[in-house]
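Across the two complexes that follow, chain A remains constant while its partner is chain B and subsequently chain C.
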Partner chain A sequence: MATWNKYVSIGAPAMTGKGIGKAIKQAFIDNPKAIAILEDMQFPEIEWFTDNMFDRMIECGIAEQNATGVAAGLAAEGFVPVTYNFLFASMGRAYNQIRQSILVDRFNVKFLAREGIWGEVGVSHATIEGWGSLRNLPNMVLINPADSVEAEKATTAMMQYIGPCAVKMEMSPNPFTIFTDDYQFDIGKAYSLRDGKDATIIATGYMVTEAIKAVDILEKEGLDVGVLNMSTLKPLDEEAIIAAAARTGAIVTAENSSDINGLGDAVACCLCENLPTPLVKVGIEDEFGQSGLITSERDELMDHFALSADDIAVSVREVLKKKAKFAK
Partner chain B sequence: MSHSDALIQELEARAKKMTDHCLTQFCTFNQGHVGGTMSVMEIVTALYFHHIKFDPKNPDWPERDRVIMSKAHCCEAIYAALVELGMYSEEQLGTYYCYASPFQGHADRWCTPGIDFSGGSLGQGISFANGLALAEKLKIKLNPPSREDTFLPRYIVRYNPKFRTYVIMGDGELHEGQVWEGLMFASKFKLDNLIAIVDYNKWSLDGPTNDIMPIEPLADKFKAFGWTVYEVDGHDIRQLLDVLDLVHKQYGDNKPKAIIAHTVKGRGVSNWEELHMHLGRGDEMKKGVAEGRAKYGNVE
Partner chain C sequence: MSETIKCGSCGMLLYFGEEIKRRLYMRAIPDESAVLADYGNKCPRCGAALSTDSVKIEIKRRATHES
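Right after this comes the complex of A and B.
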């Protein structure tokens, strides 16, 4: 089995939502100005909130555009509003409201965006292009935590950060937790799970799990592959990307959302400008989502979109061929 | 009611001065949203020079009344008010539309102290105003209370200062679905500290507002959404002051208020009125500015 850096310890399965719920609860206890903006899509730890924070829950109904403006107004008066919804609804439906009412003035609004290509929901709810579409919005911070431990720490960091910030709440069930409890999360800092010599997989969110599995597959072939967890898509940790490229000379990016304007494009652009390096993107190619079955043996959508550990391994082999070609 | 003739005359003179300031802005690039700016002039005058709490020396004063110009393409009128209040110089009017100017093409809170909302994308002002009005009403429960706070009754503090929120909307803007989401919200949360003023000048860019997408019966729609509605002549300062006083006194009745102000697009300049001019430019702009200058004050 592969060896991992300090804060990595493969543990029991847990949804990222669990970590987010724990952190958001604590943030509301700590900060009396935190306000929950509901869009008829409940809220993490809804039962606890209903019992303890009923006067700090603003139910806006299925009207995300107004809810976003209300959040901006509350933030302008010093409150810390937190919206919670599917990414397509809170951030897709209200894209211009987020831009104009929140980001232009850097109002301190927080977004928890449920998103992923999981299972049954189908094309409308699996907004695979949504996350990347937020990347070119100035003043926005985008965090996609890899597991429940990082989700908890990222949510705490989001609530402490002053300014607009979104945490993506992956809906795919994580088969294991990745980080130890003392893992230190900082906004805008990537963490190297394993340095590697031959190639580096730069992964984000749920795909860190698949990257870890891919490392084991490749190790059996005698390859020493690193994994860099790029949980903050914006601001991007360019230093860590360049260091990884300098060390291994071959990069594979892995994201379970559109590969247009997402992590892959961000990394590719960074390397083209700073240290041109052979690179292969794993992500969803210019296509909408759909429904699919998840069982313990098989995830139909991960197979359909070619996002599994096996697919990442294929891409690593491919990038190594490129690396060899470049070396000549 | 009790407003003196002298006050009315003073405010009418002020509105003329403001109009002149707007003409200066239009001259910068011979371009500007003349129609909606001319129609909203008395509304802005009544608010800034009599009705609202606002300290030009301290534009971030927490207790100031908030004025949200949702139809922010008509921010020229607000800029004129800020100049009249002494926050900016008359020379700065000539930087309208210019790089690094406090007088941006659409209102920008970040660039212009005195502006509360970066509008321009229509329909969003009402929701932002909802947020402000709700913030004014929310009380904070310190949970858990810190040692310093335990003297407060039941650990509840009024974090926020008292103020009213005014949102100025255009009639064409009411086509935006978000406005109606916002109206429902204000009613649900009993925002009696929120006053929406509709500058009902009957024309939007493509033609008559009610041909493009009928908004009538407008007062009934507001009422059906749970609002108290008044209709006034939006160019009559006395009517505006009276209705603003009236809604001010109704604080505590749990209902948001709407003032539908009937106005004339491009008011005060004959060719702009005839053409229902939205964005003025070219010869029509020059002609109108010349007429306006003669009528409203300082000739260049």
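Right after this comes the complex of A and C.
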């Protein structure tokens, strides 16, 4: 079995939503200005909110552009609005309102956004391009936690930070529990789960779990592969990327979303400008999400989009061939 | 170009976004001290006093081959 750095203790799968709900509840207790903006959807710990903070919830219905305007107005008056929805709706439909009414003035609005491919929600709700489309908007912070522990800490950090910020609630199988409770999350800081010598997998969100599985596969082949958890897509921890590339000379990126303008492109840009390094991207290649079956034996979409640990292992072998060629 | 401001004591990110003095008109945030004032001049995580002397301000410019 692979060995891991401090604050890493691989455990049973757990829902990231649990950690997010716990942090949101505490943030609302601590900050009387926090206010929930509902868009005809659930909200983390909604039953607790209904019982205890009914006057701090505004239901805007299926009218996301309007809800965004409401959030901007409340933020202008000193409140801390928190929206929750599928990313295609809260941030896709309201893209222009987010740009014009929130980001230009850098209003303190928080977004909890569900995105990813998992199960039978279909092409409309299984969006994969939203995260990448947000990356080019100035003033926005984007966080995609890897497990339940990091999700709780990232949500707490989001609520402490003053400025627009989104935490992605990935639609995916439950990730492993990866971090110990004393792990310290910092917005904009990547964390090396394992340093490695031959190659580094830079993964985000659920794909950190698949990267961990891939390390075990590759270790049996005698390969020493590192894993860098890149939970903040923006601001990107370029120092950690460059350090990993300098150490191992081969990078594989892994994300459960479009590989256009997402983590893979961000890492590739950083390395091209600073330390050109052989790289292979694992992600969804220029197509829409769709429905797939999940059984106890297999997750059809993980196979269909080639996102599993086996696929990451294939990419590591491929990047090692590139590294050997690059060295000549 | 982007600018980040971090607590000099614990490293918590306090600001990330456009370079504050870069915009010609309609500056929502006039200067770095206004960012710190929004936090009550106190880091919400470690409680350290915040001033433009106690934070790390970094303005990131385009990377070059030498960087």
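In the analysis below, the second predicted complex is superposed on the first by the 327 of 328 C-alpha atoms of A that agree within 3 Å, B and C clash if a C-alpha of one lies under 4 Å from a C-alpha of the other, contacts with A are read in each partner's own complex, and residues count from 1 in each chain.
The rule is short, and it goes like this: a contact is a pair of C-beta atoms (placed from the backbone, for glycine too) under 8 Å apart; a residue touches a chain by one contact, two chains touch by 3 or more.
This structure is a prediction, so every number in the text was calculated from the model and none was measured.
Trainee: Touching A:139, do we find chain B (first), chain C (second), both, or neither?
Mentor: second
Trainee: Taking the superposition as given, does A:149 touch the first partner, chain B, the second, chain C, both, or neither?
Mentor: neither
Trainee: One more residue to check, A:71. First (chain B), second (chain C), both or neither?
Mentor: In the superposition, A:71 contacts chain B only.
Trainee: Of chain B and chain C, which one touches more of chain A's residues?
Mentor: B
Trainee: Let me test your reading of the model: by the given contact rule, A:105 touches which partner, first (chain B), second (chain C), both or neither?
Mentor: Touch status of A:105: both partners.
Trainee: Taking the superposition on A as described, I'd like to know which of chain B and chain C A:33 touches: first, second, both or neither.
Mentor: first
Trainee: Could you tell me if A:235 is touching chain B, chain C, both of them or neither one (first, second, both, neither)?
Mentor: second
Trainee: Would you check which partner chain A:280 touches, where first means chain B only, second means chain C only, and both and neither mean what they say?
Mentor: neither
Trainee: So which positions on chain A get touched by both chain B and chain C?
Mentor: Common to the two interfaces on chain A: residues 104-106.
Trainee: So in the complex, which bits of chain A are touching chain C?
Mentor: Per the touch definition, chain A meets chain C at residues 104-106, 138-141, 157, 160-163, 186-189, 234-235, 238, 270, 273-274.
Trainee: For chain A, which residues count as touching chain B in their complex?
Mentor: Residue list for chain A touching chain B: 29, 32-33, 35, 52, 55-56, 58, 60-61, 63, 65-79, 81, 96-97, 99-101, 104-106.
Trainee: In their complex, what parts of chain C are in touch with chain A?
Mentor: By the definition above, chain C touches chain A via 2, 4, 11-18, 26, 28-29, 35, 38-39, 44-45, 62-64, 67.
Trainee: Which residues of chain B touch chain A once you look at their complex with the stated criterion?
Mentor: Residues in contact with chain A: 108-110, 116, 118-121, 123-124, 126-136, 138, 140-144, 159-160, 177-178, 181-182, 184-185, 189.
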